[in-house]
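So the structure is just underneath, and the comments pick up after that.
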Amino acid sequence: MAIVLGPNRYGKAETRVVRVVREGGTHHIKDINVGSALSGDMEAVHLTGDNGNVLPTDTQKNTAYAFAKKYGVDQIEDFALLLARHYVDSQPSIHHARVEIEEYFWDRIPVKEGPNLGLRDQQHSFVRSGREVRTCVVHHDQDEGTTVVSGLKDLVVLNSTGSEFHGYVQDEYTTLKPTTDRILATEVSAQWRHRGDDSAFDSSYADSYAEARQALLDAFAETHSLSLQQTLYQMGRRVLDTRKEVCEVRLTMPNKHHFLVDLEPFGMDNDNEVFFAADRPYGLIEGSVLTDDAPDAGSAWN
Amino acid sequence: MAIVLGPNRYGKAETRVVRVVREGGTHHIKDINVGSALSGDMEAVHLTGDNGNVLPTDTQKNTAYAFAKKYGVDQIEDFALLLARHYVDSQPSIHHARVEIEEYFWDRIPVKEGPNLGLRDQQHSFVRSGREVRTCVVHHDQDEGTTVVSGLKDLVVLNSTGSEFHGYVQDEYTTLKPTTDRILATEVSAQWRHRGDDSAFDSSYADSYAEARQALLDAFAETHSLSLQQTLYQMGRRVLDTRKEVCEVRLTMPNKHHFLVDLEPFGMDNDNEVFFAADRPYGLIEGSVLTDDAPDAGSAWN
Amino acid sequence: MAIVLGPNRYGKAETRVVRVVREGGTHHIKDINVGSALSGDMEAVHLTGDNGNVLPTDTQKNTAYAFAKKYGVDQIEDFALLLARHYVDSQPSIHHARVEIEEYFWDRIPVKEGPNLGLRDQQHSFVRSGREVRTCVVHHDQDEGTTVVSGLKDLVVLNSTGSEFHGYVQDEYTTLKPTTDRILATEVSAQWRHRGDDSAFDSSYADSYAEARQALLDAFAETHSLSLQQTLYQMGRRVLDTRKEVCEVRLTMPNKHHFLVDLEPFGMDNDNEVFFAADRPYGLIEGSVLTDDAPDAGSAWN
Amino acid sequence: MAIVLGPNRYGKAETRVVRVVREGGTHHIKDINVGSALSGDMEAVHLTGDNGNVLPTDTQKNTAYAFAKKYGVDQIEDFALLLARHYVDSQPSIHHARVEIEEYFWDRIPVKEGPNLGLRDQQHSFVRSGREVRTCVVHHDQDEGTTVVSGLKDLVVLNSTGSEFHGYVQDEYTTLKPTTDRILATEVSAQWRHRGDDSAFDSSYADSYAEARQALLDAFAETHSLSLQQTLYQMGRRVLDTRKEVCEVRLTMPNKHHFLVDLEPFGMDNDNEVFFAADRPYGLIEGSVLTDDAPDAGSAWN
């Protein structure tokens, strides 16, 4: 019996890059968090500490900043692809790169005209929108090519009716009462895998994101739900119906329980009016929806 | 030398209440987090464990839910006042109540017409807006009366230019270089104290919030800043100029440093284009702005 | 092109169970966080909302509590196995169960004899130790059998010398200076896969945990490190050398950078005396070490 | 009605300093988080942005590092005093300094002898102990002198019996059942104010901390509790009884509810064996205990 090195990767996580572009007095900002992880000929560094094949994580941080200057940052998928290919193409010892990026959204603060206004033509003030985070994970492998997964997280949605739950299995530990009207709330994490990264799709990451997001919201709102699983499936399906460049959707949806408060002891009824928003424990529903012609995922989900 | 009991209070923190109001198929939701803290004749419970003067924290939780049903939840200040007065008025042993409430905002998910639509007339789907949290702290004292402080937190704002910093004290530990153009970013926590709680103002908490918030954003965007202190002062001042029922504003503003990345080693200049968003340490600026006729604050800020 | 349901699972996450056992005046507590996730015949619930095959997540919560009473909680792996087998064995529609458990440690507060002591013989006071969290993930599949992965997280370790980093790849974006003496600090997340769950090993989860943990600490302390990868490999190897029932170790080790502060501007040298502990970005090293006769992992790492 | 500047302060928060001292092969580490906040002649900077009286927060960060080198870091109170006095004494525009420090504890990893051991004489390996955080807040004012408050936070304690709760006020919203045996658990934040900072006490901050902490634990464990307020009072009292240099103790103790799970539906009793550890809402008990000859607190608690 011998001891061997298994799968491994290393990189720099959470490099926070803010990129400003100035068009006269109008500024644009892009606020991202970049993580890169590299794999390749890494036996020596693990077994003997020989760093001869190791591009330092500090260099990966520098590269994220330098590329932000050199190429700008538009769609995060494109920026991730640039970085991933750079590492594999420029370093003989690196055979595989994984780059993940989060994007945080900002809205403009509209500046009104008026006597108090110091800077009349400025458009350089922003407020963090606070809505969901956009995400992507890109893999580039010298042999297996490239995969692109886009996504979002922290999208919290709630239906105050239109949700039922009954007809489930009852065993000796079941005490839950069936309901035909409950609050359904969840914090959506969704990721959708693109069929390929060729130029036919490259140009559409912005549209893809906007429409996939809208599809998720629409399906959540429009599904009369008999179970959170049903809602999840409809949401995944809607993305696939909407965006042909997407072949698989994975969703993680915690059931953020809103329990009806028992007001009977106080002589009050509670016709779905007052709820306790609970933290833990919570239901957790995870599932994927895909097209039957989806190409092999390779390392896309790693 | 004797040992004595000093100031004390007790209560229930973070009671999460979601209140739904149904107008036909159109639902309204209010999502709040309630904390109550009571003071009064509490010698016995501390010294001997005699709970004869103690209204349990569990009862305070129940009261928040029951009041949400009984009175509904509109402006959080009004709901806090209801609760605070209730405790002091109904319990002989309770002389002072402090109620704080946070409110989280939701936007509607607009439902489009279409063949996939199950529920055409519904308006019961929401997405957490993710923007700042609205806050209030209300004190009601049987002798000293009532104070109302409104506020917000987690309002993250950024100016990508229009901020300078120079002319500061230099001592032997100073290495910072002066700048005439930097990013200024902060996460605003603001609280504004109302002059009184009489009915002339009661009706305006909604307006008060909306306009105070806008005043903060406007002043942040419109101030050409020579220091974060100057921006803070302008923001407080703008609220006072805008809302006459407010007599004092307190602001806590961490300086969320965005450091210019040195790209020279890579043969690139960096004309305020690429920044590193730092976490710690951070500057922390705290200050208050008030009118010279502001009434005594009493326990408003406790 | 058709749309199909892919891999999925559902369950209750973060059921917080505290189990007290009384031996006369001496109490024992076990503080755990249980998550279960079930898979099986779940087409119907996703496609039509038919819950006929769904054991509610609320029932899973109840089961965790009822089993804590019925069987007690000793080693978390054993408790997870009990739950996982129960779901698959008792529900025809459930073919696979994944149970993960975290355990939090408490130390006794020793009670001293003395005139102030009210309860002389008590041993029922505890202080949260705050050290690392013990973890396990158990899978039980009706066809593929059982896998057990034990582990820990939040184990923060630091060597104040005995770490070097040099000889790495230099490209156009490399600015890092080589060093022969640096602080090496990391927050270890480790998981180790057991060869089987047969009774030969069942009895040793307590020993296995204690010795694997010690092996990780010893290898971290005793390795003169030329790279964090080398340290990671030595740590995994040491566990395998120490515990024969373990066939694979996976480690995630963020490099918690401690940067030497430049004190030269103040006329001071800094011979590895004063460091800035940075948050982000951070290096992230992930790797696995296994024996060459390790059985197939199946779903163990899912 | 004019608008005026109210109380204000500014500084650098969360400067993370790790100080290493080498005694041959034996290293000592001190891991602290420093925040400083200065006040004084700050009208100009707020009103006009004139920074002529402002010592930059960046300089405050540098000073923390330089002082760590120059003076070392032993007791955090002493280090805070050094910094606070430095700012007031060296800057004519600074009249008041507040310095707060948190300290994180590390244990040594004992290195065993053996054939695998690379560094036999080393004592430079540490594991974060994970127990409570030690804290202090020091104020130094050019007119009012100095105050020192020491403390701790994140000290989580639990009694699995010896706690009752009954005899409380019952109103129309009370549903809680009295109990004569419950779990009492809390996360202690405690701060104790020293009578003065003269040299008689300076030398004892280490003892003071160790004994105050022990007093808190002892009193928690040894108090048969009829209410959490009673326990809080006994804990404060015990510190005052133990340490004569302390004149006031302030405690914040959330009631980390452990609810007895109802197992009756499953045909089981639950004689205080299985509990649900709840997150929110929680009781929150705050109180102070002081000696009747305590000097005026001044700004000690700000």
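Note that the chains take the letters A, B, C and D in the order they are written out, and that residue 1 is the start of every chain.
Here, contacts are C-beta pairs under 8 Å (C-beta built on N, C-alpha and C of every residue); 3 or more make two chains touch, one makes a residue touch a chain.
In this text, all values refer to a predicted model and were calculated from it rather than measured experimentally.
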Remotest chain, subunit B as reference, centres from CA atoms: C
Chain pair with the higher count of C-beta pairs in contact (A-D, A-B): A-B
Between subunit B and subunit A, distance of the C-alpha-averaged centres to the nearest whole Å: 29
Intercentroid distance (Cα basis), subunit C paired with subunit A, Å: 25
Chain centre separation (subunit A, subunit D; CA means) in Å: 38
Numbers and ranges of subunit B residues touching at least 2 other chains: 16, 62, 66, 173, 175, 265-266, 280
Residue numbers on subunit B that touch subunit D, as the complex places them: 1-16, 35, 37, 42, 45-59, 61-63, 66, 90-91, 93, 165-169, 171, 173-176, 225-230, 232-233, 237, 240-241, 248, 250, 254-255, 280-293
Residues of subunit C defined as touching subunit B within the complex: 172-173, 175, 265-266, 279-280
For the subunit D and subunit C complex, residues of the former touching the latter: 16-22, 27, 29, 31, 62, 65-66, 68-70, 106, 109, 111-112, 116-119, 122, 124-132, 154-162, 183, 217-218, 220-224, 238, 258, 261, 263, 265-266, 268, 270, 272-278
